[in-house]
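Can you keep this structure in mind? I'll have questions shortly.
Lettered A, B, C, D, E and F in written order, each chain numbered from 1.
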Amino acid sequence: MESRIAIFPGSFDPFTIGHESIVRRAIPLFDKIIISIGKNTNKSDFFPLEKRMEWINTVFNGVDKVEVKSFMGLTVDFCKKIGAGYILRGVRTSSDFEYERAIGQMNRKMNTNIETVFLLTQPEHTFITSTIVRDVIRHGGDASLFLPQKIKIDIMNQ
Amino acid sequence: MESRIAIFPGSFDPFTIGHESIVRRAIPLFDKIIISIGKNTNKSDFFPLEKRMEWINTVFNGVDKVEVKSFMGLTVDFCKKIGAGYILRGVRTSSDFEYERAIGQMNRKMNTNIETVFLLTQPEHTFITSTIVRDVIRHGGDASLFLPQKIKIDIMNQ
Amino acid sequence: MESRIAIFPGSFDPFTIGHESIVRRAIPLFDKIIISIGKNTNKSDFFPLEKRMEWINTVFNGVDKVEVKSFMGLTVDFCKKIGAGYILRGVRTSSDFEYERAIGQMNRKMNTNIETVFLLTQPEHTFITSTIVRDVIRHGGDASLFLPQKIKIDIMNQ
Amino acid sequence: MESRIAIFPGSFDPFTIGHESIVRRAIPLFDKIIISIGKNTNKSDFFPLEKRMEWINTVFNGVDKVEVKSFMGLTVDFCKKIGAGYILRGVRTSSDFEYERAIGQMNRKMNTNIETVFLLTQPEHTFITSTIVRDVIRHGGDASLFLPQKIKIDIMNQ
Amino acid sequence: MESRIAIFPGSFDPFTIGHESIVRRAIPLFDKIIISIGKNTNKSDFFPLEKRMEWINTVFNGVDKVEVKSFMGLTVDFCKKIGAGYILRGVRTSSDFEYERAIGQMNRKMNTNIETVFLLTQPEHTFITSTIVRDVIRHGGDASLFLPQKIKIDIMNQ
Amino acid sequence: MESRIAIFPGSFDPFTIGHESIVRRAIPLFDKIIISIGKNTNKSDFFPLEKRMEWINTVFNGVDKVEVKSFMGLTVDFCKKIGAGYILRGVRTSSDFEYERAIGQMNRKMNTNIETVFLLTQPEHTFITSTIVRDVIRHGGDASLFLPQKIKIDIMNQ
């Protein structure tokens, strides 16, 4: 039987408790989830790629079904390369949804074998985005409320 | 290993090509999909329950993973009763999404073991709803464009 | 040369200053605008059809390009019958838009020769709907702020 | 100095923890908050008016600044009658917002001395509405998660 | 009789099949449509202006009613200069709509003789934007699915 | 009795008639309103901070309850520092609302003593934003329609 492999793509700059919750809740649904950091040459990163991968690895240390990888190029091409049939996404708001719908429909147009699967963020995570977390850090605020246990210690000690 | 059982709840009054597409695309993701018609004592039906079940059965005739059932009471109680861990839903628009989010978050509040999984409707199905199809039929229009092959023949011959 | 005939469909129960503004602004764009009241057997009317037609006729008295008609059945069938190639609609809000998009795309699916054309309501009319006007009247309020000059006198004297 | 009197209008059928949270958080902002149940002759009630008023009174027992009243007619007329200059509303979602905006702008058009003041529902209350709570009760579910402590005991014992 | 001249403004970086569809469907409604590329000194272009104009000219080669021009300054000033009374726009989503509404209402505030006319994108084009097409090209993907026949050949050969 | 102090945060680049209207309508609700310009090191300003502060001071010259200040860092930290319990915001559209909700809920998560209070923009100001005003100025248009009396004269003379 064919295995259900999903990628969970994003910049994760940084990975938040919102992201963590989506991945943990999706684990029973898939045989493998590959958290996939897109290397975007256009956007400048806040945290270095290596740090972001290291943090996510720490969060899912011991969880066999979850891996972390980085990739360049189109998301659908990366899916094909690693044999993933699903793209996992969390949705928070209706404007999130309209953006995700455009990306998901375009991906399906480019490769009809790849299906995007959406889970809802939990209500208490609705307002948490990496952008907002970076803003809090930039203004000297305490971002630990929005980050997984192991990540928050690390940033705060920087 | 625990099996992945999903219900696809709705009134399906009638079942459209939009519904059909969501179910067909979800088949590889689940071990079983139970199309579940809620018997709502408040709303009056356009097509009788038996007819709606018969049509869906015809559409998925020979597809082992798909079954049709009806139920009364809360969706989460029905999931528990039949051992389903997932609620499958299609999302078309951002107002759809806000409605689905409320229902999905409430269901999860009432039973944290049940996860709602969303797929996107295909772009060309975005405007198709059972309400619109009923309106077309009511005004004497040709609804066959919006219905699965076997269902449309049947309604048109009524 | 083929003439540009549009219908402006609705229940107009009652016709508001928002409706009036859309029609007046669309006059230069079309050769004829037929304000078309759908006779919906499902919904119960607040004002009788004859009264609604009479009011609209009064508002556009002397404007040659504008006519009032009533119709039953599908909007696209009515367009075909009277030779209209355009459906004129006003849009107020983003939820309005999602509803109008579904109807507009379905109409085009059923008859590709018919195009829906949207104008924006003016900012100061954004909150005015027939539903809200009926609510004001029902609660004994003064609806004259939301109605064309000639209509408001009439309702107030009832 | 003029006092800041607000009404918090609604059907409260029933009053939820979402409503309670909005009122409690608004208490410091106003000198008096009058929870105002509109008697709508068009809609049929799920719980009787007396019961709804009694429940709210129990919830705010001992809170001097909060009162409960019922009213008929336009909200702005009721404000004028009792000397309230503010209408307090909670907003949950963007479709909520579009509805509230229409009502708020119409109220201000009818009486420019009355201002609508919005607070955000808390994230964990976003999906809670009276409609959803009634649905849960109707289907035999446990609505106590969504109701203030004193109200929930009462409904469950019915 | 006064002629109905519309501009269809945008950056068209690049011109997509979504844009093409809007223009072709609007041709019967207007006497002339001027596709108008705003020269925005703030944004950096992906494709040079000359190339964009050339592509659009190729697409509408032989269509007398359609012209291509570039302009600087305010859209309403350009309309006035060339005698256009209409701004033609396609709308895809509800967030699109909110943006377009703001621009349209501001343009009308600055020149009440200019009306913005909206057509709906076709369902299968809903997710196509120039931004998404540029992203596909940037990541080495095949954008030909989203571009008019003559444009796609050209980009692919670059 | 504790006083009701609100901040009205923003970049106000420039301060529009929309901003002015929100502040004037909020004056009766608060004991003091501090218009607070966040100094954002990331964004480049269109008008210099001193000019923006001077303009706002001119607009509210003689209004004792209104002050202008600038601040760096998190909005909630600034509130705490100056003893403000409320953040005042205007909301125009549903996408505005979703953004404001995220910020408001995050601020409340970081400091539960601070409540965000929303007023609706007036219908005729719905489309006015500082971004749109800057665009008009940049393209040589007349922005005076969108600016308070004293500000508009000044910009136009630049």
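The rule is short, and it goes like this: contacts are C-beta pairs under 8 Å (C-beta built on N, C-alpha and C of every residue); 3 or more make two chains touch, one makes a residue touch a chain.
Please read these numbers as outputs of a predicted model, since none were measured by experiment.
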| item | value |
| --- | --- |
| Where chain A and chain B overlap in contact partners, by chain label | D, E |
| Remotest chain, chain F as reference, centres from CA atoms | B |
| Between chain D and chain B, distance of the C-alpha-averaged centres to the nearest whole Å | 34 |
| Centre-to-centre distance between chain E and chain D (centres being mean Cα positions), rounded to whole Å | 47 |
| Whole-Å gap separating chain C and chain E, where each centre is the average of the chain's CA atoms | 29 |
| Residues of chain C whose C-beta touches two or more other chains | 93-95, 98, 101, 105, 123, 126-127 |
| Chain pairs that touch, as defined at the top of this document | A-B, A-D, A-E, A-F, B-C, B-D, B-E, C-D, C-E, C-F, D-F, E-F |
| Sites on chain E touched by chain A in the complex | 93-95, 126-129, 132, 136, 138-142, 145 |
| Complex interface listing, chain D residues touching chain C | 42, 72-74, 76-77, 94-95, 98, 101-103, 105-106, 109-110 |
| Residue ranges of chain D in contact with chain A within the complex | 93-95, 123-127 |
| Chain C-touching residues of chain E, taken from the complex the two chains share | 2, 4, 25, 28-29, 85-86, 91, 94-95, 97-98, 101, 104-105, 108, 115-120, 122-123 |
